[in-house]
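Right after this note come the structures.
What follows is subunit A paired twice: with subunit B in the first complex and subunit C in the second.
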Partner chain A sequence: MTTDRMRAVAIVAVALLLGALPWLTTSNYILGIAVSAAIFTVSAAALNLIYGYTGLLSFAQLGFWGIGGYATALTVMTFGGNFWLGLLWAGLLNAALALLIGYPTLRTGRHTFVIVTLTFALLVSLITRDWVDLTRGPLGIANLTPPSLFGFWFDTTARFYWVAWAYAMLALGFLYVLCTSRIGRTLVAIKQNEPLVRAQGISPMPYKLAAFAVSAAITGMAGGIFCFHLKVIDPLFLDFYYMQTFLIMVIVGGAGSFWGVVIAGIAMSALPEILRFSDDFRMIIYGAILLIAMLVMPGGFAGWLHERKLSRMRAALQQ
Partner chain B sequence: MTAMLEVRDLRKSYSGVHAVDGVSFDVEQGRITGLIGPNGSGKSTTIDCIAGFQKADSGRVVLGSTDITGRAAHEIARAGLMRTFQTVRVYDRLSLRDNLTIAAQQFDEAKWTDELLRTARYRQAADAAEKRARELIDLVGLTRYYGAEAGILSYGQKKLVALAAALMPRPKIVVLDEPVAGVNPTRIREIEEVLQRLNAAGETFLIVEHNVEFITNLCHHVVVLDQGRKLAEGTAADIHTDARVLEAYLGMTPEMAEAEMRGAA
Partner chain C sequence: MTVDPTYLLQLTLNGITLGLLYALIAVGLALIFGVMEIINFAHGEFLMVGAYAMSFALPALGLLYWPSVAVAIVVTMVGGLLVYEFLLVRLKPDEFERSILITLGLSIVILHVVQYVFTANPRMIDTQYGFDGVDIGAIRITWTRVIGATAALAAFGLLYLLLKHTQFGRAMRAIAQNREAALMIGIRPRVVARNAVVLATGLCGLAGAALAPIQLVQPGMGQFLIFKAFALIIIGGLGNIPGAIVAALGLGLLESWIGGFFEIAFQEGAVFVIMILVLFVKPDGLFKRGAMRVG
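Now for the complex of A and B:
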């Protein structure tokens, strides 16, 4: 077997093992963390596409997350649709919004993009609080009906885990194919040297827009699934905590590395829980670990591995 | 002789300063044309306007039989004009292979759907690009670095990568912006030889450069700019004896130049 094929087999094996988690544990606590890990990892991977690969720091992810959550919840609770339709709607709506924000903003500089996306996220947060007729304001929408498929109800944490797991596998699979294609390479090229990209006959705009729209759709659908895990959605769903979580995963994993961010996504979801043994110092230890990680590996975990590889290569070429 | 690139009455000014003030010249097919001039003479602005990185106020640029005046940079590249940059531009975090194959990806048949689905058409295009990348990397003498990241190369080596990338899609013309500025003398000889070999194989070049010896050795035809205007054009030998060129560019009178030539001999 070639190494490529062995790696593919290993990835499928790990994916299936993760899918079998509800048979390996009955603990709702662990399964709940696993749902968060799956959803946060996907959202971090989506942020990695626009920030890590394309080099555009988007705070709009928080807005897409929130809109995705509300779109799915409202489809089910207010407009009488089902969960899956809500998810589809969340994806499409967010992709459309990303194109709408991206088209004028991406013509300007990277800094403008950061500010506009941040403003967008804050605006969405305001709307969820103040458009009471639609969102029910600070009270939120509680008792979200669990999703069902062909008569099977995903009504326990163990069952709901499969929804999160299936979505994570699909979304990560798609992102992997995208990032490892020439499209992914072009995004990296745009981040590194946009004038050169243009000199090579490639128009950067469609690539940036597509990356932003895909990232928005995936984050929105992740938000849609996550609020049904919480069974409630209110303006706190737009807490900056979520954005910060995705961003930490991308930075610790290594912006622009697919596997780095996936591994960091899982590790950073588990870490705060592992640290529960010392309740008093939990957040302090978590902060210290983050700080040390950043000091030792400023390019994230993947960046650190990469630096080591580069210095070996330099040494080999000098001989 | 047919002109591969025709530049007619190109004008560009920045808040009243005429950076390029009515420049016209031709680049003949299969030849190396040099564009020289003192600092601030408008060389860079001229090629930026030709390649679509700046918009000319007026004038016309024709590539082969296509009018490319005022088109976007990526469209001009697709029409067959590839350029390099004064301060070398390569993708530092990509391998030499990727640096080259990406320069050809806009020119093959594979669509984005082929790329996502990894169709036969995609693999075919990727294989063809890789084959060409290998040839070009061999040609510029960087074979051992093929899989390595461009970031580890020296400045002069990066210039060679940029040149090889520009050649990837078999362009109609390659515009080189100061290909040997900041490059050490042995490497300059190397670049010179590579360009001569490529030209012998039929490539057309327009070269902007400060290094007079380099231009003299390489170019069939030289265009001299001064203060945004064309001062003279002709063969390298013509230019060397042109009083106006010596005055503007070298700050010498013909007598001084002659004395120097004698001294050198």
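Now for the complex of A and C:
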């Protein structure tokens, strides 16, 4: 077998093993962490698409996450739809919003994009708190009905894990195909040298908009699933903590590296559980990790490995 | 709809105070962007540190207002100097995203260290002026507000003189206008960038100190304001100081008027809607970089 095929087999085996987790453990604690890991990793991979591949730092992910959560919760609890319809809404609404914000913003520079997305995230959190008629304000919406499919209720953590797992596999598979396709390579080219991309007769705008919309939809649906795991949604769902988590996963893993971010996502989901500190102390550590990672290895772990490989090749050439 | 003129006047005065506060923060951001092309995410935390410094200096100095403000400004300026020398100096040109992520990490650390040490409970602070104020017709404005607004105006006056008529300020404008040309005539970007950061954090310290007696002092107070300041420097045009001031005053007034007549959600959303509209119509901000630019 070639290495490529061995790799593919290994990936499928790991994915199936992860899917079998509810048979391997009965601990709701571990399964709860596994749900978070699946959802956070997908969100980090979506951020990686827009930041790591396309080079646009988007803080709007937090807003999409929140809108996705509220859209799904409201579809089920207020508008009488089911969970799956809610997820569909979460994806469509976020993709539309991403196009609406992305178009005017991406016409100007990357700087404007960062700041506008940041302000958007804040706006969403303020609206969830202040638009009491729709979102029930700071009280939030509690006791979210668990989803069901063909009469099977995903009402325990073990059963709900399969929803999160299936979504993670679908979303990560889609992102992998996208990132390794011609579109993915075009996105990297836009990040590295936009004038060159234009000179090749490719208009960067549709690519940037598509990457932003896909990343928005995937993050929104992840948010929709996660709030049903928590069984409650309130304005704290838009806490900046989530954005920091996604960012740290992308940066520690290595922006622009698909597997780096996936591995960092799984590892960093387990980390806060191992380091059981008070909330403030955990945030201080997160902030410090972000600061130090950006100072000493801006390429993340994958970038560091890549650098090492390059320097070894250079050394081999000189001999 | 009839509008009570007293109510409208009160809203307008509140709006101006709010706008001046936004302007103090936004001007610092615009100044740093002009010189270094980076965004300081931790700017709001400097404001918070200034407010905390004020809240500790006041009791220690026998509630005297001005010496405490001076302490707050010095504390934030020293903080700005440290941040520049240890973190920002490592940034190369065109590392905008990296600057945001580094200062974001810094902002999280400062915010949560303060919250860890002083708890999240809001602090009420008292000054020598207490709750005395001036009466204009049926409206009463406390001295702390009047003085805060005056100090902000004075700071803008000083900043203008500094940028326009001193070598210190001219060097900043030179770097902002043309980095290479400034280098050629012997201006050192490192020194100028340090000055800009220290000056901007000093303005933040002033804003924090002026705000401390007016509202509650709590760890999250800076974060809430900083997002609006980000939007303001987009509306005013990135790196454009007069633009930032005009946009800040406009937003303060608008928010105050909207808040007086509509639901709070509209007040909070106004800044975002304005920003998106401005980006549609004038992508470079309302006051495009050009002859007007000072930073």
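As a working rule, the second predicted complex is superposed on the first by the 292 of 319 C-alpha atoms of A that agree within 3 Å, B and C clash if a C-alpha of one lies under 4 Å from a C-alpha of the other, contacts with A are read in each partner's own complex, and residues count from 1 in each chain.
Convention: contacts are C-beta pairs under 8 Å (C-beta built on N, C-alpha and C of every residue); 3 or more make two chains touch, one makes a residue touch a chain.
This one's a predicted model, so the numbers in the text were calculated from it and none came from an experiment.
Among subunit B and subunit C, the chain that touches a larger number of residues in subunit A is C.
By the touch criterion defined above, A:298 reaches subunit C but does not reach subunit B. When the two structures are aligned on the shared chain, A:156 is found in touch with neither subunit B nor subunit C. Of the two partner chains placed by superposition, only subunit B is touched by A:192; subunit C is not. When the shared chain is aligned, no partner comes close enough to touch A:28: not subunit B, not subunit C. Contacts of A:203 after superposition on the shared chain: subunit B is touched, whereas subunit C is not.
Contact residues on subunit A toward subunit B in their complex (touch as defined above): 177-178, 181-183, 185-186, 188-189, 192-193, 195-203, 310, 313-314, 317. Of all the residues in subunit C, the ones that touch subunit A in their complex are 37, 39, 87, 90, 96-98, 100-102, 104-109, 111-113, 115-116, 223, 227-228, 230-231, 233-234, 238, 263-265, 268-269, 271-272, 275-276, 279-280, 283-284. By the touch criterion given at the top, residues 51, 53, 72-75, 77-78, 82-85, 89-94, 98, 102-103, 105-107, 110, 112, 115-116, 118, 122, 126, 144-145, 148-149, 151-152, 165-166, 169 of subunit B touch subunit A in their complex.
By the touch rule above, subunit A contacts subunit C in their complex via residues 51, 55, 57, 101, 104-105, 107-108, 110-112, 114-116, 118-120, 122-123, 126-127, 130-131, 240, 244, 247, 251, 278, 280-281, 283-284, 286-292, 294-295, 298.
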